[in-house]
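Should a chain be cited, it is by its letter among A, B and C, assigned in written order, with residues numbered from 1 in that chain.
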Amino acid sequence: MLIFSVFKTLTDQQVTVELKNDLSITGVLKSVDQFLNIRLDNITVLDEARHPHMMAVKNCFIRGSVVRYVQLPAEHVDTQLLEDATRREAQNQIKR
Amino acid sequence: MDESPPPPDNQSPPPPLPPTGHTGSPTDFLKGVVGKKVIVRLNSGVDYRGVLSCLDGYMNIALEQTEEHVEGKITNRYGDAFIRGNNVLYISAAEEL
Amino acid sequence: MDPSSSGIQEPFDLIRLSLSERVFVKLRGDREMTGILHVRALKHMMGHMNLILSDVEETIMIVNEGEQATVSVAKRKMGMLFVRGDGVILVSPPSRTQ
């Protein structure tokens, strides 16, 4: 699964995870699994005043299904590689 | 539940066929509307009218020459549009099959 | 009409053909965005329609409830974005829009 691989290459990079409840969490991506569950370290929340209960939280595990977006560090994503891999995956799918 | 199902009534004729329409299965309907003008209604109530280029078992839909209708008004036009199937309430044929 | 004649045999082909093009995405929660499409996930997988877009501009429609409901629009830009598929309603390549 291509997107899972993308996330794996971004471990130890800083990402911002936006949840479906509008909470935005920035932190260092520690790990990710096939469901795109995400573990973040050293986190900060975008609007801390609105989410005071998050101030003491330093790391978290985010269930994949509650994620709306993840903002990725563009300089660490090789888009050409991804497009080629997507086309290859689509080809394999047709053959199957 | 002590009621047993009613005995089959041999007197009654078989249910009449729908007067004009299609007696095929849902799958036959879906095969039949490919390439035809359709109205796709989403759960949100938004309608998409366009030519159905293809669809799959998840009801993911590709439409051409699509118009987006919200409350009777055209709100957008797309040359091609892909609709994720989980949002689809129904697909309706907008021309003779 | 034979759909295979157009080169598009199934809905996902439409998106494969849009790779590295700017696409328009309509999302749940009155959100829309355009961005350059780089990846879309395989079908037959949980959460398919996951996307990775770059140079994203998002538009959020915010309906202010009240005596007279008004709609305000918030926009923001993001460099590289993963979009989880379950929020996606519609994807369209606007370059081919009439």
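By our rule, contacts are C-beta pairs under 8 Å (C-beta built on N, C-alpha and C of every residue); 3 or more make two chains touch, one makes a residue touch a chain.
Computed from a prediction, not measured in an experiment: that's the story for all the values here.
Asker: Per-chain C-alpha centres versus the global one: which chain is nearest?
Answerer: If we average C-alpha coordinates per chain, C lands closest to the whole-structure average.
Asker: Look at all chain centres (mean of CA atoms) and spot the one farthest from the centre of chain B.
Answerer: Greatest centre separation from chain B goes to chain A.
Asker: Averaging only over C-alpha atoms, locate the centres of chain A and chain C and give their separation in whole Å.
Answerer: 18
Asker: Report the inter-chain centroid distance for chain A and chain B in whole angstrom, where each centroid is the mean of the CA atoms.
Answerer: Spacing between the chain centres: roughly 36 Å.
Asker: Could you work out how far the Cα centre of chain B sits from that of chain C, in whole Å?
Answerer: Comparing mean C-alpha positions, chain C is 23 Å from chain B.
Asker: Residues of chain C touching 2+ other chains?
Answerer: Within chain C, residues 12-13, 43, 86 contact more than one other chain.
Asker: Spell out the residues on chain A that touch chain C in their complex, using ranges where they run on.
Answerer: Of all residues in chain A, those touching chain C are 1-3, 6-7, 20, 35-36, 64-65, 67-74, 77, 79, 82-83, 85-87, 89-90, 93.
Asker: Applying the document's contact rule, which stretches of chain C touch chain A when the two form their complex?
Answerer: Those in contact with chain A are residues 12-13, 16, 19-20, 29, 36, 38-43, 45-47, 50, 52, 54, 78-84, 86-87.
Asker: So in the complex, the part of chain B that touches chain C is made up of which residues?
Answerer: 34-35, 42, 44, 48, 53-56, 58, 60-62, 65-66, 77-84, 86-87
Asker: Touching residues of chain C toward chain B in the complex: what are they?
Answerer: Residues in contact with chain B: 1-3, 6, 8-15, 24, 43, 49, 85-86, 88-94, 96-98.
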